Each structure stands twice: as C-alpha cells, then as structure tokens.
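Shared chain: subunit A. Partners: subunit B in the first complex, subunit C in the second.
Up next, the complex of A and B:
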C-alpha cells in the first residue's frame, strides 16, 4: 500500500471516523481503523460493531492495499502534523511508514482479514431530506433512555411514510414525537425502524454539514445512511417499540400558553430548591396565571408566578423540572402550549407557532 | 478447527453439526475432551462463507477471524481472576451484563451470533441470575453455549434452561492415535493411559512427575495391604513432598486418580484381563499386590476412591478425604461397613 493524502482532508475524515471507534477494548481489533485504497481515494473505516463509519478521502494512490492501524495513534499523528502532504507506505509486512515534511513514523498494522467485514449496501436506498432529519434527531436524542437493560428503548423509532418522516423516542417517563410532512420519493409503503442512540448521534453530526439529502437503506441486520461521501452503518435493534400512540393524550382540554423563555428561566430558578433526587416542581394554573412551586424537604422552598394565557378551571400537577428543561432548552419557538387534564394525566407540550414540524412532548406527572 | 479433525465424542459431533443447535445449550464433561473446541467450531461452521453445510472451510475471512478470536459474532466469556462476574454495566468487557446486551443484536457479518461461556461454574450467583432471562428466550439469531466440567455447581435454574450435551472421556486408543499424529516422543502409550480420557491432559502431562507420584501411591498401597497400620501410613504421608501436596485439593485429586488407576489394574488382574492394565511397567509389583487382596476388597476400594473424589469435588477438606479413604478401606472397618 502506498498513497499520498492532504493533511487537512485526512484529518477531517478521521474526526468523523473517530466517533465509531470502540473506546473500551472489548475486542482489541476494534481500536483500529481500516485504511483501504481505491483508484483515487482512501477509504477510512471505523467500527465498534454498534456503529460503523466509513469516510472517503481523495488521495494519490501508487500501490493499492488495505491495512488496519491503531485509530488513536493515527489520529494523534495526523492531528499534530504540519499542513502538508502525508505519505503512507507499507513495507508489505506489519509496518506502515508515515512521512510528512520532516516527520517520519513507523506504525504497526494488521492485515485486513482481522477487521470486521463492513456490511455491504446491496439494498434499495431512498433519499431523505438531510436538514429535517438533522433537526429531528437533535431534538429527540435526549429522551432516549440511558438504561442499558431496556434494549428496545435504546433507540428512536423512525417511521417513514410516503408523505412524512416521524421520529419517536422515550425512556418510559417522557416521550418525544416529532414529525414533518415531506414527500419521500421511491417509498411505497410505511417503514418503521429503530435507530440506536449512538447511530442517531453520529447521524446528527454527519448531517450538521451542508448537505441536502441523504440516502437511507436497511437490511435484515443493518441500517445504512449515506451522507455525501460518508457512510454510516448501524446495527438494528431487535424488539418491539412501545405503542406510543396510546401514550400521547388526546383529551387534555386545559390549554395553557406560556412564553418559552420566561417559563424556562423560572423553572431553572425554582428547581434549585426542588428535591435533589426527584427534581419535582408543582405547576398550578389559574386564570391567566401559572405558579411554579418547589419544596425541598430540609433545604427550603421556592415559588414563582408567571403570566399565562388560560381560561378555565384551575388545575395543579407535579413534574420533574429536569425533564421539562431538557425539552425547553432545545426549542427556538417563542411560545409553548401546555395541555393538561387533571393531576393524574400526562401533560403534553407543544411549541407555538407550530412551524413545519409537528413536535410533541409527553411527560408523566409526579405525585406530590 | 475443522469438524472432521475433531477427536472423540463423534456421536455428539454428528448430531450437532447436522441438527439445529438449541438456543441455549450446556456442554458438560471432563476437562480437555474438546467442549470449547467443538463450541467454537460450531460457531465457525454456522458463520462460514465457504465450506459445506456440515464442514467449515477454515480459509474464508469468517473462519480466519474465528481462529484469531476476532470474529464480531463469536463471543467467548472466560473467568477473570477465577470468576465470571456480572459487571458494572453493559459495556464492561467479559461480563454477563455485556452478554445480555450483545445477545439482543442481530449478527454483524455472519448468520448467527454465538455466546460461549467457558467454565460456566465460575459464574457468581448474581452473574448467573442476571442471564436467566436471556437464556430463557434469546433472540432467534443468537445461540448461547455454557461449558462446564462441574454441572452440579451451576444453579439449578441455569441447568433447567439449557439443553445438556454430555461429553465423555476419550478412549485410550483414540488418544494414542491423536498423540501419534501430534507428538514425537517415546512413551506415548503411557501418556495416553494416564491422560484420564482427555487430550488436553495427554498433551500437557508431565510424564516423569506423574510416574513418580504413581510409584509413591503404589508404595503406599502395598505397605498398607501388607501391614494395614495407620502408623506406617502416617509416617509415609509425613514425608515431603507428600505432606504438602496432600493439603491441596488438586494434589489429593491427582493422587486419588492415580489410586483409582492402580485399583482398576488390580481389578483387571483379579478378573484375568491383564491386557487392559494401564501400569504395564509395574506389572510385577501389581501381581504381588494382587495376590494379597480379594476381589471384593478391590471393588470396595474403588468405590471408596470414587466417594473421596466426589467429596473433594464438594469441597470437603482434602487431607480428611484422603485419610478417610484409608480408614474406610481397612479390613476391620470395611467388614463392619459391609455388615451394616
């Protein structure tokens, strides 16, 4: 193997690939990157089995080849090299010589055979709009559960319909539902897939760049996302995602409209005095007014009153302030609508005005 | 390893390579008869890209990775510091929580995912309990194989969730022919005889030391049968290295096995089938010894050695096991025992 690449170009791809590398060495080979040459590019592959990231970097290839090298070492070397051409040359055995300007490195490498085989995209792909997907994935990652034992909640459910994309994520205490009307070409029937959390994080990183559409495909075992010249492959989670339709309340008739900014700031202040484990705050709604109240057993209490647009019976309900803030801090809408029914029914939050997205957040109440 | 190279337990190999492996299985049997080897080979077979339905090719990328221990769909869990643990979280390598997580995924590049737990009896109670649910209903593309030489040390709840496949010790001829192909030293026959039906033991056995230990036991037994005096026995046991070796479980276990072998030889002499005698090199001594004992005593002696081995396996104090053995095989006690 013998090729020359530009430092900046390689570094940018390595940064993306770095996301896929295993940090804990369960399987030692996974701390490596696979470098593979094609006619005029070098393909960099990293995987931790959950997520595989494959990036392509233009290169002048003299001798074709494929080798695995330590990801950490290669990344550090490239990071600190001067802005110049980097020359990679393998000695045909276990070493790669890396030359750049006045620096010379010799890195140990492993044959390609040891590296897990990257699943091939031999399936029909469909084009999805990149920006909506970026917005939607960014707005539901926080609600994906941290509990490793609830495997089916370890990801977000993506529902593709000929006229819309929907993402749903939940951890059993709250649920985010975000949907957008988009024409998806080439999609004949509804498609539901579970995207693991890590894949969704990587996907939102990849779509942060200026791309207009991505290609999506799925097989029995894997999901594929092609973003420009980069490929993200994720393992498919097995199992049944909960029936989210049942969770979204339909009969919450008490609609309170609040200023997002004011509500967020007030919650931040009041939650200081909330119980440190439960983060519980009590919201009491009366005509055109919302009271937020917290009471930490031996710490003290806090109370704040906000103006609200509301007409109807008064109602009180307890929520986890942290869960409310997780949702509110990611919003850019000016107002927010909070739909309630009674103190035992889950609350529903929606940004106002609606905009292009149907964005809903369901939050289970707390007994106070 | 290719399945056709697998030595011994052919019936089991034929069943497993053909039929579908159950989702959770338990391979039991003495150490070194190929339980782990077969489990890994079956995993390689299921994922092999060349080869046939019943034989792996050994050369495709999948087989190469299996052989190097890099295959992303074949996981081997082994005790770390003598225990298989539950682990902090699902990312903790080589723990049962990691197994629980990994089992949930579909194969990465192969057809089936394999999770092999070697020396499963070393699982802590929490570790064992945490995989019960997984063992009960693993996803259809995952297979779990537990391997143990001591199935009774597993929780009954684990055993009842797995289909058991018992492996048997290999015959002397089988081991001998294997050794002839793989070793180039003399005394292969002796080595095969002393291997307790296990290829791993046959290969790793220190022949010289084992024969020394065997002679020590033969001496002990001879003097016991002549005088039946505890005093003389104690004197011999007080000498090094016997004194220190009899304090360890492994030491007593080894000596009990050697005594069992000698007992069997005496039995074969008594029933006049000398061709089956293992310790051919000490035939004269054995014959002399055999003349002084009765067939019934030999039978009882073998029974008591077996009992002692069972006790050792169940954590009875090793020295006590060894002493009880002689007490039980003394003619006085033995007669009384028989009357009761």
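Up next, the complex of A and C:
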C-alpha cells in the first residue's frame, strides 16, 4: 500500500472516524482503523461492531492496499503534523511508514482480514433533509437512557411519514418528542426504526456539516445513513419502544409561561443547595409568579422568585433540576411554556414560539 | 464435612461403604456431560475429584457407583449439622452447604481447650449423623480453613498464633483464598510457588502486577486475616449455569438457554426481595477454556428480560463464534434489597 494525502483532508475524516472507534479495549482490533485504497481515495473505516463510520479522503494512490492501524496513534500523529502532504507506505509486512515534511513514523499494522466486515449497504434508500435531522437528533440525545438494562430505551425512535419526521427519546423518567413537517420523497408508508444512542450521536456530528440531504436505508439488522461521502452504519435496535403517546399529557390545564433564560439561571442557582443525589427542587406557581425552592438535608437551602405569566389555581410540584436543565440548556427560544396538572402528574414543557418544530418535553415529578 | 454428598449416600446404603461413590451428572458410559459434585475417598484414590468432568471420572473408574445428587436431602443434613454447630459456638458463619466458621473465642482460651472442644464436636456429629468431619483451629478464618482441609478425612489440625507462619510458608500458593488457576499461573511466572516466596516478594511489585488482589494475597501470606466471623453471610450473587448435552453452537440454543437461566435467576431474586447491578456471563468452550465477562449498571435490576438482554449482549459481543460451547452460565451480583433501590423520582414507564 502506498498513497499520499493532504494533512487537513485526512485529519477531517479521522475526526469523524474517531467517533466509531470502540472506546473500551475489550476487542483489540476494534481500537484500529481500516485504511483501504480505491483508485483515487483512501477509505477510513472504524467500528465497534454496533456502529460503523466510514469516511473517504482524496488520495494519490500509487500502490493499492488495505491495512488496519491504531486509531489513537494515527489520529495523534496526523493531528500534530504540519499542513503538508502525508505519505503512507507499507513494507508489505507489519509496518507502515508515514512521512510528512521532516517527520517520519513507523506504525504497526494488521492485515485487513482481522478487521470486521462492514455490513452490506446494498438496499433502497430515501433522501432525508439533513438540517432537521441534525436539530432533532441533537435535541434528543440527552434523554436517551444510559442504562443498558432498559434495552429498547438505548436509542431514539425515528418515525418517518410521507409528510413528517419525528424523533422520540426517553429514559423512563422523561421523554423528548420532536417533530417537523417535511415532504419525504419516495416514502410510501410510515416507517419506524430505533436508532442506538451512539449512532444518533455520530449522525448529529455528520449532519452538522453543510449538507442539504442525506440518504437513509435499512435492512433487517442495520440502518444506513450516507452523508455526502461519509457512511454511518448502525445495528438496528430491536424491541418494543414504549407507547410514548400515552404519556404526553393532554389535560395539563395550568399553563405557566416563563423566560427561558431567567428560568435556567434560577434553576442553576437554586439547585446548588439541592440534595446531591436527587437534585430535587420544588416549583410553586401562584398568580404571575414562580417560586423555586431547594432543601439539601445537611447542606442548607435556597429560594428564588421569578415573574411568570399565569392565572389560575396555585400548584406545587417537585422535579429533578438536572432533568429540567438538560432540556432548557439546548433551547434557543425566548420563552418556555410549562403545563402542569397536579403534583403527581407529569409536566409538559414546550419552547415558545413554536417555530418549525413541534418540540415537547415530558418530565415525571419527584415525590418530595 | 468429609466428602459430604458421597458420605450421606454411603451412610444410607451400607452396600456403598468402602466403595468409590461419585455424586454428579449422569456419566452415560463416559459420554456424559456435566461434572462431579462430590466423591467418596475411595473414588479419590482413582484420581477423581469434585468439579472434574463426569466423563473423565468414568474413564478413571468405570466400576464406581455413580449417583445423581439429591440436594433436598443434603440440605436437610446440612441444617441438622448447623444446629449442632450452634450448640457449640455463639457465632456460626456457614461458608457452604458443608463448611462453616465457628467463633470459639468466647468459649475457649487456649489451644488445648480448643482441641478438646473440637474433638467433642466431631464426636457429636459422628454419633448424631454418622458422618465424619475435619476441623482446623487457628487464630483467624483463613488459616483455620486451610488447616481444616489439610488432614481430611476425619482430621483435626491446630495452628497456634506463633505457628501460623511456619504452617503457611511451605504450602503452595494455590491454597490461598482467591488464587485460582489463572492467578497461580501468573504468580508462578513471577517465580512464586509457595506462600513463603509470596511473603518475601515485594508488596509494591505484587500490586503492580495483580492490582488490589496482590496486596490482599500478600497480607494473607503473612497470616493476617482480620475478617470477623459473621452470623449471616448474605448472598453475594445469584447465578445459574447449564452444561449442554452436546456442545452447542447455534445462537438459538444458546440464547434460549440464557433466557431460561435468566428467568430462574429473576425468580430467585424476587423470592429474596433483591435486585442487582452486575450481570456476569460465563462461557466454557469445548476445550474447557472458560471466560467470564460482566457488565455493571447504575440502576439495579431484577427483571428476567433485562437480565436476559444484557447476558445476550455479552454473549454476542464476547463469544468466539468459531468455538463450540460446553457450558453457559449467568449470575447477578452487587445485590441490594429492592427497597433501597426505590427512588423518589417517579417513572413514566
């Protein structure tokens, strides 16, 4: 294998590929990247068996070949090289020589056979708009559970309809629902897939670039997203996603409107004195006023009063302040509407004004 | 107790006495799977020991008396014997179905008195249950356990405080708690074969090579063990395993078995009101190499489908799909009571 690439171009692709690399080193080959030449590119592949990221970098290829090298080492080397051409040359055995300007490296490599095969992408695809997907995936990731045991909650549910895209994510305590009207050409019937958390994170990174649409396809076991020349393949999560419709409250008649910024800042301050494990704060709503109160058993307490737009009965409710902040910190709307019913019913938060998206956050209260 | 299951069988069937009795899986003329649960001392003379594959045992001693275990019966005997222990010591810590620690520090003040009491205990068990036992007397639990294993059957070994070091030094490191075949290999590569060699090794280097375990073993090799005798040892893990009648290959068989194992674990957890944070998968390949892989969660779980999903994930991730599997096991550890895991945060689902 013998090829030359531009430093900046390779670095950009390695940054994307890095996301696919296995973080735990339980299976050593997965801490490697596969480098594979085509006529005038080098294809970089990373996988942790669940998620595969494949990127393509323009290259002058002299001798074709394919080899696996340590992802971490290669990334670190390329990162610190000067802006110049990088020359990769294998010795036909176990080493790759990397030269750039005055630097020379010899990196250990492994044969291609050791590297897992990338699932076949040979399936019908449809075009999805990239920017809505970026916004929606970025809005959902935080709510996907960290808990491996809640298997079907380890990803977000994507619902494609001929006229809309919807993403739903939950960890059992809270739920994000975000939807946008958009025409999807070539989609005849509703399609629901579960996208694993790691794949969604990579998708949100890939769609952060300036692209207008991406190609999406699925097989029995895998999901494919092609974003420009980059490819994301994910194992499909199987199982029954909970019935999210049931938990989005319809009868929360106490609607409070707050300034997003003021509410966020007050929560940050008051939660300092909250119980460290539960992050519990109490919200009390009275006419045109919201009180936020925390009481950490041995630490102390805090209280803050905010102006609000509200008319109606008083209501009090406990929430995990961190759960509120997770949602609020990702918003850019000026105001937020909080719909409550009583202290045992889930609250509903919506950015105001609505904008292009139907964006809802359902949060279960805490018993205080 | 000496050869516990086998001795109970011999006690009940006089015609088995003096003969090699092997309790365990069906040997099926040497084609059997599964392992030896226990064997009589007569069987041990043929080289059979517990945990040996039953097929190998059969080839060593084809004329032996092979019996399926009857755990109900053994558990009853175990309870009766524990009752005897309790009449002797205020603090009794059962270690397994046929072993226990007795804290005699309130009852006896010197070695001589301890030996007298131990002899009396052995006689009581023999008269009451017609079973022999072996006792180790020592200043701490771990030395007592080693001492009890030393002169089986019907043994009695006393190790006084000033004798602990000379007692331990010549013993192979495999006698130490926590040294299994893997650690043994590691240590022997470092030139450590006896407890004396371990004790003379630099503690820092041991910690470097073996982590926390290194420090622990070094402490034990110096005869130090400060763990008190605890009346009720709570279960540390709940697990089940299954040996396939024929080595298994296909995912369906493996995953169905995983599901059954997960279901019975879930049931036992709920009987005890427990849930656990760590799921461990154990695989034994046809060549007997055994791997265990585990995953730890932030929230404890007890549901059969949760246990199953995680175990299956471990299986898919770590299984060498080129090799056939002989045994599969699942266990749940880091146990906690379910009340503890209840939180104030209410759930949507």
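We take it that the second predicted complex is superposed on the first by the 368 of 368 C-alpha atoms of A that agree within 3 Å, B and C clash if a C-alpha of one lies under 4 Å from a C-alpha of the other, contacts with A are read in each partner's own complex, and residues count from 1 in each chain.
Here, a residue touches a chain if its C-beta (ideal position, glycine included) is under 8 Å from a C-beta of that chain, and two chains touch if they have at least 3 such contacts.
The model shown is predicted, which means the values in this text are computed figures rather than measured ones.
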item: Simultaneous placement of subunit C and subunit B on subunit A, clash or fit; value: clash
item: Which superposed partner A:182 touches (first subunit B, second subunit C, both, neither); value: neither
item: First (subunit B), second (subunit C), both or neither touched by A:368; value: second
item: Touched partner set for A:49, first subunit B, second subunit C, both or neither; value: both
item: Which superposed partner A:280 touches (first subunit B, second subunit C, both, neither); value: second
item: Partner chain in contact with A:116 - subunit B first, subunit C second, else both or neither; value: first
item: Which of subunit B and subunit C A:238 touches, first, second, both or neither; value: first
item: Touching partner for A:151 - first (subunit B), second (subunit C), both, neither; value: both
item: Which superposed partner A:127 touches (first subunit B, second subunit C, both, neither); value: neither
item: Contacts of A:320 with subunit B and subunit C, given as first, second, both or neither; value: second
item: Intersection of subunit A interface sets (partners subunit B, subunit C); value: 26-27, 49, 148-149, 151
item: Complex interface listing, subunit B residues touching subunit A; value: 61-62, 64-65, 68, 70, 72, 89-94, 97-98, 100-101, 104-109, 139
item: Contacting residues of subunit C [partner subunit A, same complex]; value: 293, 295, 297-299, 301, 303, 306, 309-310, 313, 317-318, 343-349
item: Interfacial residue positions of subunit A with respect to subunit C in the complex; value: 26-27, 49, 146-151, 153, 170, 172-175, 242, 247, 278, 280, 318, 320, 344, 346, 362, 364-368
item: Sites on subunit A touched by subunit B in the complex; value: 24-29, 49-50, 113-117, 119, 148-149, 151, 220-222, 235-239
